[in-house]
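First subunit A sits with subunit B, and in the next complex the same chain sits with subunit C.
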Partner chain A sequence: MMAVIIRYLLLFVITLSVLICFSLALAHMFPGDPLTNLSGVTTENAKVIEHLANKWAIDTNPIHYFMNYCSLLLQGDWGISTISGNQLAADMARVIPATIELSIYSAFIAICIGVPLGCIAGIKAYTKIDYSINAASIIQYSTPVFWSGLAFILIFCFQLKLFPLSGRISVLFNIPHQTGFVLIDIFLAENIDRKAAFMNCLHHMVLPSLAVGLVSAAALARLVRRSVIDVLNKPYISAARSRGLPFKTIFFNHVLRNSLLPVLPLAAIQITTLITNAMIIEVLFSWPGVGNFLLQAIYQQDYSALRIGMLVVSTLVISLTIFADLLNRIIDPKKGSVSDVSI
Partner chain B sequence: MSRFSLYEEEFHPAPWRQTWHSFKEDHVSMIGFILFLTMVSLALLAPLLAPTSPSVQNTDALILPPSWDTAGSINFILGTDALGRDVLSRLMYASRVTFSSALTVVLISLLVGVTVGTLAGMLRGIRSSVLNHLLDALMAIPTLLIAIIIVGIFGVGLLNTIWAITLALIPQFIHVTRNYVSEQMDNDYIRASKLDGATPFQIFYYSLLPNLSEMLVVQGTLAMSIAIIDISALGFLNLGAQSPTPELGAMLAEGLDIAYITPWNIILPGLFIFLFVLAINIVGDGLRAALRARTSR
Partner chain C sequence: MNTHLLNTCIIGVLVLLISACSQSNLDSIASDSIVYCSESDPNTFNPQLDTYATTADASSYQIYNRLIEFDPIDGKIIPSLASSWLVSKDGLTYTFQLRRGVNFHTTSYFTPTRSFNADDVVFSINRWRNESHPYHHVSGGRYPYFQSLKLSKFIKEVKRINGYRVQITLNQRDSSFLANLATDFSIILSAEYAQNLLINNQPEQIDSYPIGTGPFKYQDYTKGQVIYFKKHDDYWKDEKTVNNLIYDITPKSTLRLAKLVTGECDIIAFPSQSELDVIVDRDDLVLDQSPSLNIGYWAFNTQKAPFNDPNVRRALAYAIDKNSLLETVYLGKATPANTLIPPTSWAHSEDVNDTSYNPILARKLLDEAGIEPGFTMTIWATPLIRDYNPNAKQMAELIQQYLADVLINVNIVNRDWTPFIEKLNLGEHDSVLLGWSADNGDPDNFYRPLLSCDAIPSGTNVARWCNDDYDQLVYQALQTDDIAQRQLIYEEVNHLIAKQIPIVPIAHSLSYQAYNKQLIGLTNNPYGAIRFSGVSKSQ
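Right after this comes the complex of A and B.
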């Protein structure tokens, strides 16, 4: 057990240093002066340039350069944004929680819709119910997320006027930034109508989380369905049936856990898709997350922000994936056997 | 099927043929296949079929609704956009651009992915372990991020997004190939050909590749649908194809400015993307089912 954890920790450290190395290389690959891309400061002043070159150790040998960069990253001194002049660490602390929040809601929707539908389709395999669930999931899965987001906006915001168009919460609520997760911030905030703010916030997040969550729900339903069908054909299910157990017992005691186990690593791959979709949907719904931040950075050619944004998002995604992998390794008794399930 | 049989031998169709037979029996897959062929021929034959050129601007017919609307005109079957360009012709040329770039992406990443994946699968020991774990980690980086980085370095453009998506898709092919190859390397038929003195390349070419090919087709269809969605998503975010080039995602983004007055300008390009991806997904599903039916027989 310990060995596995250490192995994954090692993997994490190696991957992280590859990413840091890559982000350092990016500063040199992006157009413009590497020093500007690192620090975000544009200046002609020779004194300032010398100071910055010293601070980022840009002219020293590569290993010292890299170590110095790592230590600056650890100290939280990530440079400033070339365009806005904000500290990038503070910017990231603002946008990353917003993206994580959207992803959590979407993942929640995906699990709540995808797993039960997949189970039903798997139990009723090759019947009308199965075919209709399958058809719905393949249609949902084939819809580009930016298109369904637009359709949601046109139908629910403009035609029916049911949901607000953009943002996380109405600007009338003055929520001080504390954790970055707006639902938690509402409960920490003082002097506001918490209930109204909470309802307003829920109202704002329905459409974006549905747009992102439904795609993942469709993918998840397909995975679960296949896995349930495979498990139902196993001999131990026949054994349980021949012992005369009611189907409910068989399903909840034998089928469900065994069929969700192989789905886990494949669902972990879906994390990437989920976050990508969340980043696209953020642009549509003006959600103040990292997708919006990165796209603004690329439109304005803010290379220091791009460098840090790339590092933070990829670190986030990779740590989530490695964690899911580790979790799977720990709960799966047949460890070492990789994904043996298909769609 | 009645056939003359002198020696009472059974008819054994080739593996690909068996797959095709069970694919054909499924009506849904066949409908998907026909839809796919229709979409591809619409894209391929665009210069012959399109009523006008995709960039001709008719200043006397701006934002005309589709022809079934009372305000529509039969000259522009699916209406015109804000610059008076015929939407139908633009859609056909745009699906040509989107489909061909997706095909390029899939073919390049398939070639590279299979090569590296086979090497990784045949390798043993620490080299293989490091390579595999790093690849698994890299697979997690989202396409959008890679595309943003590449666009940051080289600037916007369709070609740059093609490279970005290729880079993002390669790890998937490597992953699938490597898993399959390392699984097969322990089998008896590989050992037999090793004992016969086959070089690693011969083992790959004569023993592994025939088994691998079908799985690669299935994986390829999956990658194709991802590639189409990604290319149009990047076009939609203004990172891919730039304005005069008709591309489905970029068309959607152009239609966005006046989406409330002319909803067909965003509905139709999205519908085209959707139909492409749906057809590819149905065909992929059908192929997968057919393959499963054959291998489990």
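Right after this comes the complex of A and C.
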């Protein structure tokens, strides 16, 4: 196991270096002055320019330039946003938790809906119920997430007025920013009606989480269905049946556990899709996350923010992929040798 | 299997419960709150420091009061913190009798020990007037509105006669003086709070943690997101006001409209011209439309070559088609501008020669001025959405196309407001699309802040144009109260502007306000910022 972890760490560092290299190249490929794209500072003051050139080591040899860039990144000195003038590290600390929060809610919804539906479809394989679940999941999976998000807004916000349109919580609640995770911040906040705030927060998260979660739920349902069908055909299930065990016992004791195990690695791949979808949905629901942040940066041609945003998101995705894979190995130690480790 | 169906049902029921439950809890809070979807962040909570309308909207009438105010309905000057005033015959001495028993805000960061008196007035005026005042250089030391009017040089003395009487003496007559004291910017601060901050060595907090006498007190602010105000319980005016005032900062106009429709906002700033029909069509929303004193213009940096040459400026003015800009950007809901001042003002001149679209003449003038084909210039597009320019970026793109026809390349510069205005004040731009909304009904409110020499350092004269004839004329116009005489002077001024073209006037637009029918008592203030005092919500 240790060898696996070390190998992952190495792979992580190498991939990250390639990404950092790429982000550095981006600063040169974007239009405008590379120094401005790196630091985010626009100035015509020669002294300031000289200071910045020194700090980012832009005129030194490429290796030193790269190492200096890495060290600045590690120190958390990521430059400032050209448009707002904020420190990018602080901006990221503000927006990343919101995206993670939305992804967690969505993953929760995906599991709550996808797994039971998949099981039902698997058990009732090749019946009308199976076909309808299958059809629904195909439709949901092939609908672009921004479209279903828009449809939700149109139906549930504007027509039925059941759910609010934007943000994580109503502005009527003054929740100070502490951890960045609003559900936690509610309980850290003082002088508010916590119960009402909590309810309002849940109310706000329903639509965006559903929009993101349903896509992954559809994928998950199909995976689970296939797996359940496979397991149901196994001889040990027939044996259990012939012993006269009730189906409920067979299902919960034998089928469920065995069919979910092979689904896990495939579901882990869905995390990337989930985060990407979450970033798109953020824009529709004005969720204050990294997707919204990046889109604003694109609109306003804020290249320094784009560079950091791309780096942070890709680091997040790589870390999650590795984490999911490690989890798989812990659950299923039979899986592959060290040489199979890859990102 | 049945258990799973059950689970799905439970989730469904939970979701419905959540929606029902939170709705009822929210309603009780919402009925005592006004949510205003504003378009961007204020730069500070002290409007003395800024002429940016968003700053005034977030502070001027909510946190503070002035000595005197404009009646939003007929534009007359009415008492506020000054219960009465007297102007001497020569027009040089103004005596204000102050209101008694006016309380400052009690907040988590300040508890007043006395009520409002003459010291607060002297402090508030001296802060911007007197360069040696301990607070003058706090928060940058720029007071753009007052500096652009040279008001500190007009005032000879601000004297406390007794606790509730203040006398202001001028060096020379200024027929716009009272109007200027009633603008968004002439707010009254607390001298006691300032004293406390000075002792604690945190003077700059006076502008970020504001204390005033206004109907709302500052509570909390998260940049780019939200501002919270709470009702000032000891407010001197007896008005029905809600308990919470919340500014939900929503830069995108479609989202503001969407929030208004879903009820997440009660009132929105600057509804976009293309969306007005949606508001009109809905029974639960109100669209207030009123003529406003404003101008949207394209200003050249006249201190930079080749824009210091009036012929180059004239050529560029000929290169653009104003009417198509009006059609595209304002959707026809504005009147074309031929001079600085809108037609509703008595200082407007109808007969000023306007430049009409003529690219051939434009190219010819450019050739004569020695501007080679392929010359590159910048157009800075204001990031603000304003009545006077609802979409400066789009306008810049159109002008870019027009100038390409006369073989001039344009780079469009977009920035957030704070860095935008900082660089603009340094004069880094070639030209800029901006505008101005009146703060009072006096035409001087256009002429001096926008184009006088003193307005260059104060940052409101973005054309950085300084013309002695112009300055002489606009100051001459202040020497008399006779409107006919002032009219003659301003006529001459209008012709001078048309000849020199430091700015290309583009449009005068209407001003719009969109809000939920539940709001009662809202008035559309043609002179400056929005006011929420006296606004309540029906159930």
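Here is the rule we go by: the second predicted complex is superposed on the first by the 327 of 343 C-alpha atoms of A that agree within 3 Å, B and C clash if a C-alpha of one lies under 4 Å from a C-alpha of the other, contacts with A are read in each partner's own complex, and residues count from 1 in each chain.
Convention: a contact is a pair of C-beta atoms (placed from the backbone, for glycine too) under 8 Å apart; a residue touches a chain by one contact, two chains touch by 3 or more.
Remember, it's a predicted structure, so these values are computed and weren't measured experimentally.
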Subunit A as common anchor, with subunit B and subunit C clashing or fitting: fit
Subunit B versus subunit C as contact partner of A:F158, first or second or both or neither: both
Touched partner set for A:A218, first subunit B, second subunit C, both or neither: neither
Touching partner for A:M92 - first (subunit B), second (subunit C), both, neither: neither
Contacts of A:H177 with subunit B and subunit C, given as first, second, both or neither: second
Touching partner for A:I318 - first (subunit B), second (subunit C), both, neither: first
Touched partner set for A:I83, first subunit B, second subunit C, both or neither: second
First, second, both or neither for A:H203, with subunit B first and subunit C second: second
Geometry of the superposed three-chain model: angle at subunit A (Cα centres of subunit B and subunit C, steps of 10 degrees): 100
Touching partner for A:L264 - first (subunit B), second (subunit C), both, neither: neither
After fitting on chain A: smallest Cα gap, subunit B-subunit C, Å: 7
Touching both subunit C and subunit B, counted on subunit A across the two superposed complexes: 158, 301
Interface residues, subunit A side, partner subunit B - complex: 11, 14-15, 18, 26, 29-31, 138-139, 141-147, 150-151, 154, 158, 269, 271-273, 275-276, 279-280, 283, 291, 294-295, 298-299, 301, 303, 306, 310, 313-314, 317-318, 320-322, 325, 338-339, 342-343
Residues on subunit B engaged by subunit A in the complex (per definition of touch): 133-134, 136-137, 139-145, 148-149, 151-153, 179, 225, 229, 232-233, 236-239, 249, 252, 256, 259-260, 263, 266, 270, 273-274, 277-278, 281-282, 285, 288
Footprint of subunit C on subunit A - complex, ascending: 42, 44, 82-85, 112-113, 116-117, 119-120, 123-124, 153, 157-158, 161-166, 170-172, 174, 176-177, 193, 195-196, 199-200, 202-203, 206, 251, 286, 288, 300-301
Subunit A partner contacts - residues on subunit C that touch it in the complex: 1, 4-5, 7-8, 11, 15, 18-19, 21-23, 25-26, 29-30, 33, 35, 219-220, 222, 224-226, 228, 244, 246, 248, 250, 255, 258-259, 261-264, 414-416, 418-419, 423, 428
